[in-house]
Amino acid sequence: MRLLEYQGKAVFKEAGIMVPAARVVRASENQALRDEACAAARELMSAAGIGRQAEQDPTGSSGGETAWFAPGVMVKAQVTSGGRGKAGLIVRAESPEDAGQAAVAIVEREPSVRVILLEQMVDSACELYLSISTDAGSARHLILASAVGGVEIETLAEQNPTAIQRVSVDPFMGLQPYQTRGLGYDLGFSGELVKRFAQVTSSLYQVFRANDTELAEINPLFVTQDGSLIAGDSKLIIDDNSLNRQPQFEVTREQYGTDTEYEAALEGIPYVQFDGDISLMCAGAGLTTTVYDLVQFEGGTVANYLEFGGPNYRKARRAMELCLKNRSSVILIVTFGTIARADVMAEGIVGAIAELKPDRPIVTCIRGTNEEAATETLADAGIEPLLDTEEAVRRAVAIAKGEQV
Amino acid sequence: MRLLEYQGKAVFKEAGIMVPAARVVRASENQALRDEACAAARELMSAAGIGRQAEQDPTGSSGGETAWFAPGVMVKAQVTSGGRGKAGLIVRAESPEDAGQAAVAIVEREPSVRVILLEQMVDSACELYLSISTDAGSARHLILASAVGGVEIETLAEQNPTAIQRVSVDPFMGLQPYQTRGLGYDLGFSGELVKRFAQVTSSLYQVFRANDTELAEINPLFVTQDGSLIAGDSKLIIDDNSLNRQPQFEVTREQYGTDTEYEAALEGIPYVQFDGDISLMCAGAGLTTTVYDLVQFEGGTVANYLEFGGPNYRKARRAMELCLKNRSSVILIVTFGTIARADVMAEGIVGAIAELKPDRPIVTCIRGTNEEAATETLADAGIEPLLDTEEAVRRAVAIAKGEQV
Amino acid sequence: MSIFVDGNTTIVLQGATGSEGSFWAQHMIEMGARVVAAVTPGKEGQKLHGVPVFHSVRRAHAQHAAKAAMLFVPPRFARDAVLEALDAGIPRVVTIADGIPLHDQIQIRAAARAEGAQVVGGNTSGVISPGKSMVGMFPYWIERVYRPGSIGVMTRSGSLTNEVTAWVVDAGFGVSTLVGVGGDLVPGSRFAEFLPAFETDPETQAVVIVGELGGTMEEEVAEAIRDGVFTKPVVAFLGGRTAPSGKRMGHAGAIATGSSGTVAGKVKELEGAGALVADRPCRVGELLARVVQ
Amino acid sequence: MSIFVDGNTTIVLQGATGSEGSFWAQHMIEMGARVVAAVTPGKEGQKLHGVPVFHSVRRAHAQHAAKAAMLFVPPRFARDAVLEALDAGIPRVVTIADGIPLHDQIQIRAAARAEGAQVVGGNTSGVISPGKSMVGMFPYWIERVYRPGSIGVMTRSGSLTNEVTAWVVDAGFGVSTLVGVGGDLVPGSRFAEFLPAFETDPETQAVVIVGELGGTMEEEVAEAIRDGVFTKPVVAFLGGRTAPSGKRMGHAGAIATGSSGTVAGKVKELEGAGALVADRPCRVGELLARVVQ
């Protein structure tokens, strides 16, 4: 589960990583949104003028007169997709009124935005990159850092690979002081900045471990004129397999682009929204991904990725309900399960059809344990039981194209 | 630093290990001590009668009517030496009046006792042994446990070695659930007792790690009729090298048998009190121990072990002051230092003599870095600079025996 | 002979006394697996399909030395159970649990590496040598999917493997040993780590890789081919050729970001090393036929 | 030749830019130690006795490959500094710090074992091969204590070692290599771990053990003799024969409880294995003369 920027920053703040002072406003009717955003921006700008303090400064080293803040506020759409800047979903506003205007403009540009973050603007001397993830091969935690921040790490890795410093951490021993200190020196820092960077890195590592994250990234990590470090963004991906031991992270509607994705997430059904013609309702992650490819190869388009294998193989009705929320023209069901028994899934599908009376054709290709019984069940219900994946995909694509099948 | 029983039990309690309800009284004039102990015992006995509850029960599984407590209280001298039972320093009292009497009797028997612990008596079904220490060779933490508790582990190791179960813990991975569970089964437990024992073991391991202990021991660990586990004693030895990062453990007078040992501890000077004739004031742990042996070999007796090498080699005056508090008849100074420079120590000794004007002879044997200068300094001050350890020891023993030297 | 386990490999089952574990334990025994003991805390003294149950792996291992462990324990206990098996000295461990927390998986693999042991999974069907032994859960009763033969298979998927092996069998081949490394982000074992065993296995003529987007396991296979570690023919099918960048579809391990982890990159590496890559499962059989007599 | 280090062993110094470290670094160099770099965070670019200073061991090692590290860092930073040296790939580390927390020492030794590296200390004077090299702090300027020769010495003590080697020299012998393993409860290296090197060292004719009560290091030497790992003569002196049980005197490692860790037990083991044990330091020389020509 990927947290929204403001959620990630709340985690940072608790871990002692400085973040800009901020206010969250929720999308609503335009005038109300404008007023709310404007008021929030006014509050932030006056606080910046008076206090000139970020919300947390565990070092206690920055007095009241530090010049961390540029005039104005940042208005940032809270969505999990990347490239917000280019998409016009992050706007710099010079005045409270501008901020109100910017909030409205963002929601008009991208109506799926439900939350907007307003932040004090940081007057940075430079921007760093810092992330912690895993190196699967060595089974060690991997810290990546660069003095070139604000750029996506993949882009940096291609364009300027030597600018990236790596530290590898033993998962049992944990991050050691010599590693954070060494990283700072390897990035070319000196003096107090080495210490502060070590502190932020160590705090981010705590965040990474304590919250079962796949990725904990700060990009950009601002260095202010007086050498303070402030997280300009947050990217925290919580391991889905760990959510039951991380109860502080709730699945909320805000994190999803559509209602259907949110509903699927609540149900524990892997689901990705697209805007094509064919709803995939398959079992098995690798097989579903492959069917996605085959649909593309045949010239079709996918309305949604949905996988109801594994623990969900008895959830045919719920899966079909989710597919029917799309404007797809056909539902394509492909399975080849072992524990996810073919007969159980076939019965589930037949029951779902009886109950939901789908308004679009359904193509089935159900194989695996007890597949003979499944074939019979489908045939009895008047559904043609295909047994060849390629054929099923071609059939679905043909239907989607309006061809006679 | 070895904690007193009641101090260790406070650590246990905080870690979620059950201990009997208890009151601490301090030694004072007999009548006051009797009254105080009597009142404390009355309080404990009435609480046991009403509540029948130990002070902490993290499982919440024991109701008000469990029969953990036998009538009466235990009256226990708080000293760090072993064998308290045999020495008559632990007494079972049936009534508050008996408890008051017992407290007075303990202090009369052993006047160095400054603190007395009164505890509710536990009605145990059996007693276990549990400890955590270190296996130096494998560099792993070592858990020892036995269903035969209440016996010293060394005795048990000789008489019934197969009754001891061992678990070895990687210091980076830490204690794992399969290890605590497996230990319980290997001890022959079943059902709920396996879980509770695992919980106590895990808590004790946390105590071991979090407090930088050399040894964390519960012996006996009572199992009550209803399967609760209650620490009957505590033995926690805090690593002296870690005391500066464990500020919760203060060096207090209570932990030492004599004022001099306490003063030496505050000063950071290794010191052990004996009751012989010769005060050792040596430098280097191994050398001091060897001089102790040589004194015994020559038929002498030691008044105190004192080592003023390492970081203390400039503390000759303080060291001599400590020696002079003893009723020794001679001070024997043997050193052979590298960083602990002979000339500095010799000057310190000459200065200390001038200042303290010791009332007993001093034998010196000072070698090592700049020993020529040291020899000169001592000779100038009228002190004979011996250079052979054996000779110095013989000289000191002869003086102690009143022989002409 | 077969790789990882054969009919002589003594196996201890952990957490197999539940209904699902017991069901599959029975199938494993039918398939030839030499199960010598089972471990379920609190159930020592019981029997499971005729083998004795013990409280702990140590206690089981002390009486019935095991060379492999098969774990049916739930994801949240998988880490503890794997560490228990490794600590008892079991050199090969299969954990099928789907949903092991990432940070547990990291420690599982780190501990296995430190011990020099091999842990397969989680989120896998396990390992099968059709007709010989099985440490896992495969529909070996479907003959058109699991026929004995000379093709080694390594896969990150479950259902997709059934799909692909059906095409392998359809082309007239059979499977020597199939290893499911699992779909997690940090699987206990990686493709390339099995290549030395397949290289020396006389029953394996070629290896089929069923991979997908994300991670670097396919690239490591290409490297092993280039380095001469593996010299038999390799045919691969990789799912997720058209998957949109940055979206996670399916397995936790199946995500590409930017240009890293894409199928296009993997295909380039594999083909560059001399492997054949099928763009559809149905073509795996025909590519195999080109390189295997 | 000499064991642990010789004049060719490249050495990096950690924390040596302070006054005490600098003083002893100078002595090391005078004694023949080949110091190639120093490490003090924040001081890169400076020089110490002519060698360059770096921010980190990795940075130093990258430019001046080192085979050993000598640490002058204070006890509370010793763990971090040792782990840094090990992580950089330095196989031999001496840490002299007196007062390293026990739990840090445990992790130091555990990490060294995992890396296959050898850490000597803490609470030691280090290692000296008189006349050849020194990684530590020994009064080599006192000729009656540190004369070159053919006797290997291993010790848990500092001052006592001066006392004992003085008797070794007095009896006409000299020291090939002296290793101080230190007086801590969990030293980084143990006596028996140096025996293979002394066994193959052509310059060592016999080994003197300066031990004491507590722990099992002397017993491990006895075991190595019995197992034939070490076949040269061994003479031992052990302090604490008359030490009262349960009292800690001196080193953290020097405590006997009940019958374990007593000098009597150690003497029995050593003599049983064929070693000679002196009851007083002054007899070490005469016992040596019995077994060495």
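Letters A, B, C and D name the chains as they come in the text, with residue numbers starting at 1 for each one.
The working rule: contacts are C-beta pairs under 8 Å (C-beta built on N, C-alpha and C of every residue); 3 or more make two chains touch, one makes a residue touch a chain.
The structure displayed is predicted, hence computed values, not measured ones.
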| item | value |
| --- | --- |
| Co-neighbours of subunit C and subunit B - touch as defined | A |
| For subunit B and subunit D, chains touching each | A |
| A-D against A-C, pair bridged by the larger set of C-beta contacts | A-C |
| Centre-to-centre distance between subunit D and subunit A (centres being mean Cα positions), rounded to whole Å | 55 |
| Cα-centroid distance, subunit C relative to subunit D, in whole angstrom | 48 |
| Whole-Å gap separating subunit A and subunit C, where each centre is the average of the chain's CA atoms | 29 |
| Subunit B: positions in contact with at least two other chains | 170, 172-173 |
| Sequence positions of subunit C contacting 2 or more other chains | 107, 111 |
| Arrangement of touching chains [line / ring / star / complete / other] | other |
| Full enumeration of touching chain pairs | A-B, A-C, A-D, B-C, B-D |
| Interface residues, subunit D side, partner subunit A - complex | 41-42, 44, 55-59, 80-81, 83-84, 87, 107, 111 |
| Interface residues, subunit A side, partner subunit D - complex | 173, 176-179, 181-182, 185-186, 190-191, 194 |
| Interface residues, subunit B side, partner subunit D - complex | 81-82, 134, 136-137, 139-141, 152, 154-155, 157-158, 170-172, 209, 212, 214, 239-242, 244-245, 270, 272, 283-290, 292-294, 296-297, 305, 307, 309-311, 335-340, 367-369, 371, 389-390 |
| Interface residues, subunit D side, partner subunit B - complex | 75-76, 98-103, 106-107, 109-111, 113, 125, 137-139, 141-142, 155-163, 166, 183, 185-187, 190, 210, 212-213, 215-216, 220, 239-243, 246-254, 257-260, 279-282 |
| Of subunit A, residues touching subunit B in the complex | 170, 172-173 |
